[in-house]
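Structure incoming, see below.
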């Protein structure tokens, strides 16, 4: 099968990291198409960034339909353009923020979401409610660190992130931690050990769930909501 | 004060109608700026149309900020780009779908929403839930008539719309009808008489509420969610 | 048009303040009728006070109907007698607590409510849920200061109120503050500066929204719930 | 123990019927005090009637406190003045609408509510949500028969009510029927046989639950909400 | 009438205490049948314990049906086997956790739940939501003391429990405290004095409510959900 | 990896069908362990059956832990024993009812659930709410055909099921159909063609999601809720 993974922002580093993560989780017989956005942003912080990045995401899906892509992954925790994408895709379309919450809700009674910027808290909280996880999502918290700074490999930063996560998990009585920002993926293993809890990186789950939905013979419904507008 | 009304689609007829409606409800000392989108669509039907139309809406708000606009109205029942627009606006930003529901919830115990296309039902239902009107919104229904066909002035169509609305209101035990499509504005008076119920046209309410929020000294909060991303 | 503003309590100072606030926000062509309750209470604290004050509110609305009043405002954050009033009014009836929450929900992702007495917290929380703002209302808090003491003009009190509000807004991650007690109106400007957030005084919004609903041709629905009982 | 049962309306027939029902369910060692309202209404239909009847209910509770009443029952399905009554009562205060829903939710997965007038539907629906029974309450329906006409003993009426209830229960897939109007009490037995379902008359349950709460040593909490306002 | 009280665990001490509590609250003409589980556990901590204890609870109900039992009480705050039990019982079946929440919601605006082990928090929170008390239940907290240690009569433990409860009630702004563990019954009186709040012991309420439902002529609905499967 | 699939009932035909379905979806490097319950039931209909079948499910998981099983699937749409199973499993545990709803919510705006018996409606509805799908689940409906009769290969039955599903999907405006009974798996393809909608068979999804969660390095959280009770 063919999976397209779309990074809605233009960060090359992020795109490379996404490609690497995909390689680690992909089935041998899945062909991978990684794409990135073209709206000039290196990170998506809030609704405005998301709105500007969406047309680029949709363009990739339109090309993907011509290339026979079987499933799409939107590789941003905000699930940039998810509903719009489903209108033009034949196969399933999942966002990494969305599947991370789905997975977390099957692993523990409640989860916390950790994101980079305070601006993103409401976007994620609002998504959590929309997807149905109002009760399971015990809290959404920001590191207050610019997304791009997360790429530094720095012992102090590592320790600060671990402690912050610990504090959040304790406050929320969370049983699972969801990484609500693709830039946090590299801290997953470290946090899992530090917190002694499952830590969900949406991208890893998205790869396997997108493959799973396709293998189970499922596609996006073309009744009503996700039917293409007749013009 | 200065109000900008943005029609997210490119329909000239719709824009003219919006301008006319605004003129009827505007305070004498309010200056009106009517703008329309530039994404090539004559109507917004569903998430995909909305996503493509949003950058145009945002561009108008950015220009508006330079022109000292005090409040913005997004003149589409889907409230295209509402959250994103708030990030870049100083004054209040309201959508006509949103204020229509707010108004309806103050006039009767529950309301029905009537839209043109079935594709829009979920967009509106999802907005109703997000704004807090899950209990007040008794149903969202589609006429299954293309938005642009609503512009025809035709006795049969008029009667069909009235009967359809009657059926909806009866089924939902609705006490107020909300017009969930700008193209339905012209039927408001007719429906009010036919149904003997308040029928809410979001645009009329949006004008007066946007003026009201500004007069009450209120603006969009710049804490967290609607703060512009630092770059 | 004619608007009647009803202060459900008997405080002359409060009534004078209401009259003054109305004058500041009213359209030039609106005639104002300010009335106050007659149940012997100088403030409404809790359900019991509200229940005893309601018949007085309703009597004013009954007189108002004879005088051709076009819209009513109940000038208590508890929205004393709101639903009952709608049964006997032709035009729209809004409460200042209600419209304050409506306005706040259009200005930020979540708001906090500040009231005078702990007894009122549940009344306001329960109203917030009923109106649909369970998600938007991040918290309701009491100053634990008697309503009437708020009328003192005292530097220490001013500072205490500002600090208390700051604490609340921080704890709730609120983006808007709603004043849930008419006695707090005089602190609005001060709090807006101190908190750097929109601070909503329901009365100001109520004036403009009540005018707006009337100008938009809307009235209270007489289907089912708010139809007068046949006797 | 001493229980006061307050009929918020002035109907002598209803008061007599209440007294008779109480006698059938009361424990031998409970002293019964039946009181009725004094606001001139023979039935409570909607919010307005409820608001006018409330002060009379509260006055009885105030007298009751002097007489050492241990628990109060408000004998109207709308639970007229329930929250206000709790502020001035020491012992538990329950409404017959409220306890009927509590009981029904323990007997089947979902219940329907049957009331006399359409005006009361929203009052009851709103109460159901407030008490927590949004999911358990599958529907609220009106017979559209004046409350007082229910007192007629007429075979056609009996049959009509049974058929109407059958229709409601079928439509809602209800497993329990709740009588949402004191005037329907006399049909309980008949409906139970006809529908082959538990049919809950709130008054019967209220007597036993009020006795139960008192016997279990419980009283109304005087923290915050139901504490009497300090004056 | 005949009531069967089933302790789902095997603790003899707990069973004796249950018998003693029942004796204190039972009506003189009610015959009491106390039974205990047979799955080898001395306390029910979490879903797993609950699942293993359920068949024993059901067996007792099956015997009870042969003995003409009129109502059943499941004497564990987790309400072990409640839904399953209703399928095979004719009369009402209530759990002590369930009725405690019902009672608490009639005595104050919101309640806190106190249990022994952290494992039980989610079970109780999930039950609170299912029964409809998501808004009324302000928090569920654990003492982190093994259930069986609660049987010790120790001044230090008493003081620790009182202080812990005080802290919980303060944090949650709770107006009622619900004891979410049968082992806490013995602390009810002490806590009521210390907190100056109603403290609900489910067993006491269960006795009186079960009697009340039966006296009011009510039984478990045999429509759909609680109808025995046809085999 | 090793996956254990547990059929909570004793039906050999069902177990064989499960084994066959698994073979169709399993990754080549996954070892499959199919087990079936031992409580003497050939189908699980309602809470009582579920409660009696649960200990058998748990016993298989306990054995599985000794055999190094990496993920568990409970192959009943009621998700028999799901929470309890998570307390004793190291790897993820998913139910086929649960994952079917998760998948459906990613493929369309709302789904309908189809089950065999009316007794199961509330079990599934209650699960849908608990998992977070109250808004996405537009309705749960029963065929009113005994589970075992579904195994007949009969043209009339096939047609009846298709028509019934069509009716349900139309009534609910569903965009996806979820098969809420393992016995319906064999009708999936037929229904997908007939309805022109995605039709979700939980077992197929469960296989791929369970593999996916394990591949993504995730396991059941051992904080609080799903930690084994210390004894």
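By letter and in written order, the chains are A, B, C, D, E and F; residue numbering begins at 1 in each of them.
Here, a contact is a pair of C-beta atoms (placed from the backbone, for glycine too) under 8 Å apart; a residue touches a chain by one contact, two chains touch by 3 or more.
Predicted, not measured: the structure shown is a model, and the values here were computed from it.
Student: Using the contact definition stated above, find the chains touching both chain C and chain D.
Tutor: Common neighbours, chain C/chain D: B, E.
Student: Based on which chains touch which, give the shortest step count from chain A to chain D.
Tutor: The least step count works out to 2.
Student: Can you tell me which chain lies farthest from chain E, using the average of the Cα atoms as each chain's centre?
Tutor: Farthest by centroid: B.
Student: Return the distance between the CA-based centres of chain B and chain F, expressed in whole Å.
Tutor: Centres of chain B and chain F (C-alpha means) sit 42 Å apart.
Student: Quick one: report the Å distance separating chain A from chain B, using the average Cα coordinate of each chain.
Tutor: Taking the average C-alpha coordinate of chain A and of chain B, the gap between them is 31 Å.
Student: Which parts of chain E, given as residue numbers and ranges, touch two or more other chains?
Tutor: 109, 121-122, 126, 129, 135, 173, 224-225
Student: Pick one for the touching-chains graph, please: line, ring, star, complete, other.
Tutor: Graph shape, chains as nodes and touching pairs as edges: none of the named types, so other.
Student: Mind giving me all the chain pairs that touch?
Tutor: Between chains, contact exists in these pairs: A-B, A-C, A-E, A-F, B-C, B-D, B-F, C-D, C-E, D-E, D-F, E-F.
Student: Which part of chain C faces chain D closely enough to touch in the complex?
Tutor: 45-52, 54-55, 58, 81, 83-84, 86-88, 117-119, 121-123, 126, 129-130, 146, 224-225, 227-230
Student: Which residues of chain A touch chain E in their complex?
Tutor: Spelled out, the residues of chain A in touch with chain E are 109-110, 135, 173.
Student: What part of chain D is in contact with chain B in the complex they form?
Tutor: Counting only chain D, the residues touching chain B are 121-122, 126, 129.
Student: So in the complex, which bits of chain C are touching chain B?
Tutor: On the chain C side, the touching residues are 25, 27, 92, 94, 98-99, 102-103, 105-109, 131-136, 173-176, 192, 196-198, 200-201, 204-205, 207-209, 211-213, 215-226.
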